[in-house]
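Each chain gets a letter, A, B, C, D, E and F, in the order it is written, and its residues are counted from 1.
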Amino acid sequence: MMNPETKRLLIGVSTATLCTALFKRGLRNQFIQDVGPVGGFESGLPNMVGEAFTLRYIPAREDLNPITVFQDRSHPQRKAVEECPPGAVLVIDSRKDARAASAGSILVSRLMKRGVAGVVTDGGFRDAPEIARLPFPAYHRRPSAPTNLTLHQALDINVPIGCGDVAVWPGDVIVGDGEGVVVIPAAIADEVAAEAVEMTAFEDFVSEKVMEGRSILGLYPPTDEQSRSDFAAWRATKGR
Amino acid sequence: MMNPETKRLLIGVSTATLCTALFKRGLRNQFIQDVGPVGGFESGLPNMVGEAFTLRYIPAREDLNPITVFQDRSHPQRKAVEECPPGAVLVIDSRKDARAASAGSILVSRLMKRGVAGVVTDGGFRDAPEIARLPFPAYHRRPSAPTNLTLHQALDINVPIGCGDVAVWPGDVIVGDGEGVVVIPAAIADEVAAEAVEMTAFEDFVSEKVMEGRSILGLYPPTDEQSRSDFAAWRATKGR
Amino acid sequence: MMNPETKRLLIGVSTATLCTALFKRGLRNQFIQDVGPVGGFESGLPNMVGEAFTLRYIPAREDLNPITVFQDRSHPQRKAVEECPPGAVLVIDSRKDARAASAGSILVSRLMKRGVAGVVTDGGFRDAPEIARLPFPAYHRRPSAPTNLTLHQALDINVPIGCGDVAVWPGDVIVGDGEGVVVIPAAIADEVAAEAVEMTAFEDFVSEKVMEGRSILGLYPPTDEQSRSDFAAWRATKGR
Amino acid sequence: MMNPETKRLLIGVSTATLCTALFKRGLRNQFIQDVGPVGGFESGLPNMVGEAFTLRYIPAREDLNPITVFQDRSHPQRKAVEECPPGAVLVIDSRKDARAASAGSILVSRLMKRGVAGVVTDGGFRDAPEIARLPFPAYHRRPSAPTNLTLHQALDINVPIGCGDVAVWPGDVIVGDGEGVVVIPAAIADEVAAEAVEMTAFEDFVSEKVMEGRSILGLYPPTDEQSRSDFAAWRATKGR
Amino acid sequence: MMNPETKRLLIGVSTATLCTALFKRGLRNQFIQDVGPVGGFESGLPNMVGEAFTLRYIPAREDLNPITVFQDRSHPQRKAVEECPPGAVLVIDSRKDARAASAGSILVSRLMKRGVAGVVTDGGFRDAPEIARLPFPAYHRRPSAPTNLTLHQALDINVPIGCGDVAVWPGDVIVGDGEGVVVIPAAIADEVAAEAVEMTAFEDFVSEKVMEGRSILGLYPPTDEQSRSDFAAWRATKGR
Amino acid sequence: MMNPETKRLLIGVSTATLCTALFKRGLRNQFIQDVGPVGGFESGLPNMVGEAFTLRYIPAREDLNPITVFQDRSHPQRKAVEECPPGAVLVIDSRKDARAASAGSILVSRLMKRGVAGVVTDGGFRDAPEIARLPFPAYHRRPSAPTNLTLHQALDINVPIGCGDVAVWPGDVIVGDGEGVVVIPAAIADEVAAEAVEMTAFEDFVSEKVMEGRSILGLYPPTDEQSRSDFAAWRATKGR
């Protein structure tokens, strides 16, 4: 189970900072490629943070995917929507194929109502304009109106998957902001979150100094003594 | 000629719903791929609906496409803009090549003034920021400043074309919303529109129930009796 | 050094018009492909205009790119940010690879504070939502959170590069608007700017007439006498 | 278990004929895209025929995939190689990513020695020149020297997968020839094989007639009476 | 009608030389991209030379493309095969989509028997191994077993098309060698052929000298007097 | 300068083995992507081994690249061909763009005659069928007839470049076999070569045992004692 303090910390840091913290640990490939928030930068939503609950699609075969399959209550797509735990993030492996939808606004609304933390696909959502208006973080590649049955067959729930060229293991910590989505291995989520908070304090300090006109040389990274002592003073003042 | 009642109905349904109605009829590939509204989701425009009037481009050969070609009043691009019937949608086959423009704001403005219903290309428009501000639906892949002569030679008017991997026959019914553009074969447009209206009523009912906290199981699709009778009651109340 | 009058003129014309002026001179490939403003169309910023100052990346080799490389004050990325002349545009050759960042908001802020005219990469920026909020023109392919060290090694400053399939020579004049970025060879910048101003006057005239309901035939291009005399009158009235 | 007679029949028909037989049943998407025999057309090998035994890869995470993982005898890649049944075809889901190998010549040799019928990946093989020389059918996208640990983590054995945009279910019948690989759903393999044999007889007849100079009109398909009676006579003569 | 002498000359020159001759005339985009001989380099066939006879495909719509459509003798694909003039090259616009076949060995055999000069598609052929064995030039992107009805609807015969990003006008002169296919505008075919023969003589001379150990500087191009006089002597000796 | 013994060793090992040796050192990205021998697997040539001598292209601008540029003896493409040291490998950064040639058979022949060890581009060669017949290793993406001036401007000689997504520094050791090309950082070439020889001995032993019918479990990697002692005995017998 995810540490609530870690969740709190991750709401306050960016995916960019987290990628750097992961890079320092040898993990270079944790940012889900070519996926962004359905509603663009300006959603005003806080960071999406939660443990991964996964759904795996394979290509749809026509005879196995008539419109009637959804009458089966155990259909994995519908089951995943009802079973994804509150606070978790539903991550869908759509094999980077956005030619048909991964899901639509009704399922995304249901996830929201159930208290799920967010949803990510490396394909596309249908009803994307409606999803963009929900106060709920949803990430995809591009809008895609065709029903998922056209190309996707939901198969497995909560198995390890690939999403946007990144490995996602159930329980990994997923963080999304206006930029995109990063995957933090469960075992290092606490330490990465703590480090990212420290890095964020420093970056905020640097941003402030840069906006005041200071050069980045010696400051970012803080290779001169002045920068280090200024930062110490800034932290004391700001209480961070 | 398109049935005015069908046009009215299609203004009230989404491309996502239409794709599902088409899927049920064995048509899996009617959504124009990787094309969206120039101005994004937030245009506030009603659906674009109209019959397809097509324009076909082939690759431009340098000796045939100096800047002077537009002095010819019968140049197919200019002719298409003046001849596309009011109420129709101009659909351009740009071979999915957005490296040069398919058209720009002057031609798009002229289409608007002539009462054309909208314009679609599987390439890009130039003057895209200006086009985004027009109260006129225009769909493309991405902005593209270079004149169409750079890569595109307008050739044929109102012949069957491909656009975004979809077959478009003159007279097919084109519907666009914030998500993208769907192509409905002319012969089934009336029945598809009618069915989509029914589906939309049901989806609106489901959305309302989901927002009230109801599970999708048994409701979407309505496999239990309760859902079906609730929907019947809802329709009666709403007059839909 | 760039002519200040040319700079002034280029603020008032579009990249689309400039591409046509370049096309007339046999230059068909000066629009940087698949790159747009970080903040989208609606930034409200004036055109970005300045001479190209370039930065070249090659693929990163893991042993040469630990996080510690930035402690070197002569690291080309940091050096470029501090040395790019006020009024110039920093253009980065990221080999069209947006899987890792080309730079982030701190460096972009520093460029802004130093009076640089703008920044362009054919990769992606990290901290893209923050960059979108700066009153500073920045162009990229898509947001990308991973640190540039993941995939990019900064190598050369102010050498000729490719950016988005376009050749960029140091000193070329770079112009960006809501649509994208065009590269004007230094030697013809003055004449291209002057011609584009003329073309813009004509396009504004045509747009006005089209909005009044006039046909494009004979008007755009102005092949009939009426159009030419109307334009002459319009110029006299408007003082353009 | 696969019908031995069906296997015998499938050795004598082409993937092209099988695709048409599947198309007639509404299955349009059974040919694995962009995958060919490692050794090209000229291998001289008979058709690969066998039931699918699958192996699923997800993206590799660096900390989980050091070179030492292969010391684990239960590593799924090695396990799959030792457990794929004789007569079956090992089909690997490499997410269409050929930037690192799916397997190499030692594993492929082991499959051959164990009596496996063939191997298919939608990624690439390392040691491809050696694999091309084995009297064993192997299909991939392109040669790829980097060890699979670079990008692929073997995860699941004999689950449904996607391979080259086609759904592959364990037990589906896999047929490969010089052209590529087709996937026949298990339930219809017998009837598809029987029909393909009939179609092949007709195609051989047509080819013979075409080589004798006959027009395809009326012959292919056999819409005139003469063609049908000629084919009946040909079958009688040839004993097919 | 193509000049027979031009045909004879074009059999003796390479597509590479022809591309350079076209480049000198401002035609930079006449080589069909990403298309090669079905049988690879080693076919031993002479150059394919003939006038373009074109066939245009659009995306297939499922209801218009059941397997029965070929019973119609006027189906454009079959018609094109029977009507393409002997000596011409059939060029197919498959919108660069090789996921389904453009044609198969029976139709290609019929073209061969009818005396057609060759066939080109920017998609793929089915029965590619059989086609590779025919003494007939055929060019495509990659083998593709699925019937053309899966994705392609044949529509127009002998209209201007795009093929591999090149404009092809009926009557253009098509030349193919082991490298690929070039399109020569009909109006300049004679002069381009004549110039290419001259260029080939020079290139053969240079190749011979380079193989004897001579530097390319001054020789290629022949900027020193020695090179020019050596070439004159070589031509005299060789009778070229 | 490259160690001659290292060169000798590298002739006897495969690029696949070298990639694994590099992977063990944290270098995951040293195989040039999507590039193969012009003549395919069956060239019969020994490994290409040599130090990198690099050539960098940027996109060609039309006014800077008329056919006459080659009259300049200091044109970087021609200069690189004459100055690449005997024994070195010429590696060309063509920005992965094979739409126009990187070089042709005359320049490649000249490299061969000068004693250069081989040539690599991440674009394409023209005259590819002729190059395939030379007893000289040449690697590219695909044949491409158009002259390099169409899209490529040669700019720099022997600077660090990217080639097929790999960093190539002048002096890096380049090794090519039938599979493709690997880049070994100069500083570790000796140790990587030595280790690869050891690995190759073991792989040859394993291949032999697998061909005799042995399981890979315990053998590859050699986790059981029997395998290790068998290998020791095999080495003694074989003198490796």
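In the analysis below, a residue touches a chain if its C-beta (ideal position, glycine included) is under 8 Å from a C-beta of that chain, and two chains touch if they have at least 3 such contacts.
A quick note: this is a predicted structure, and the numbers were derived from the prediction, not measured.
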item	value
Contacts common to chain D and chain E (chain labels)	F
Chains in simultaneous contact with chain B and chain D	A, E
Distance-maximising chain from chain D - centres being C-alpha averages	C
Centre distance in Å when chain C and chain F are each reduced to the mean of their C-alpha atoms	37
Chain E and chain F, separation of their C-alpha mean positions in angstrom	31
Chain A and chain F: spacing of chain centres that average the CA atoms, whole Å	39
Overlap residues in chain D, where contacts from two or more other chains coincide	28-30, 40
Touching chain combinations (by label order)	A-B, A-C, A-D, B-C, B-E, C-F, D-E, D-F, E-F
Residue ranges of chain E touching chain B (in the complex, touch as defined)	25-30, 58-64, 95-97, 153, 155-156, 159-162, 165-167, 185
Touching residues on chain B, where the partner in the complex is chain C	39-40, 67, 70-71, 73, 78, 81-82, 98-99, 101, 104-107, 109-110, 113, 126-129, 132, 142-147, 149-150
Of all residues in chain B, those that touch chain A in their complex	14-16, 18-20, 23-24, 28-31, 33-34, 36, 40-41, 177-180, 182, 203, 206-207, 210-211, 213, 215-218, 220-221, 223
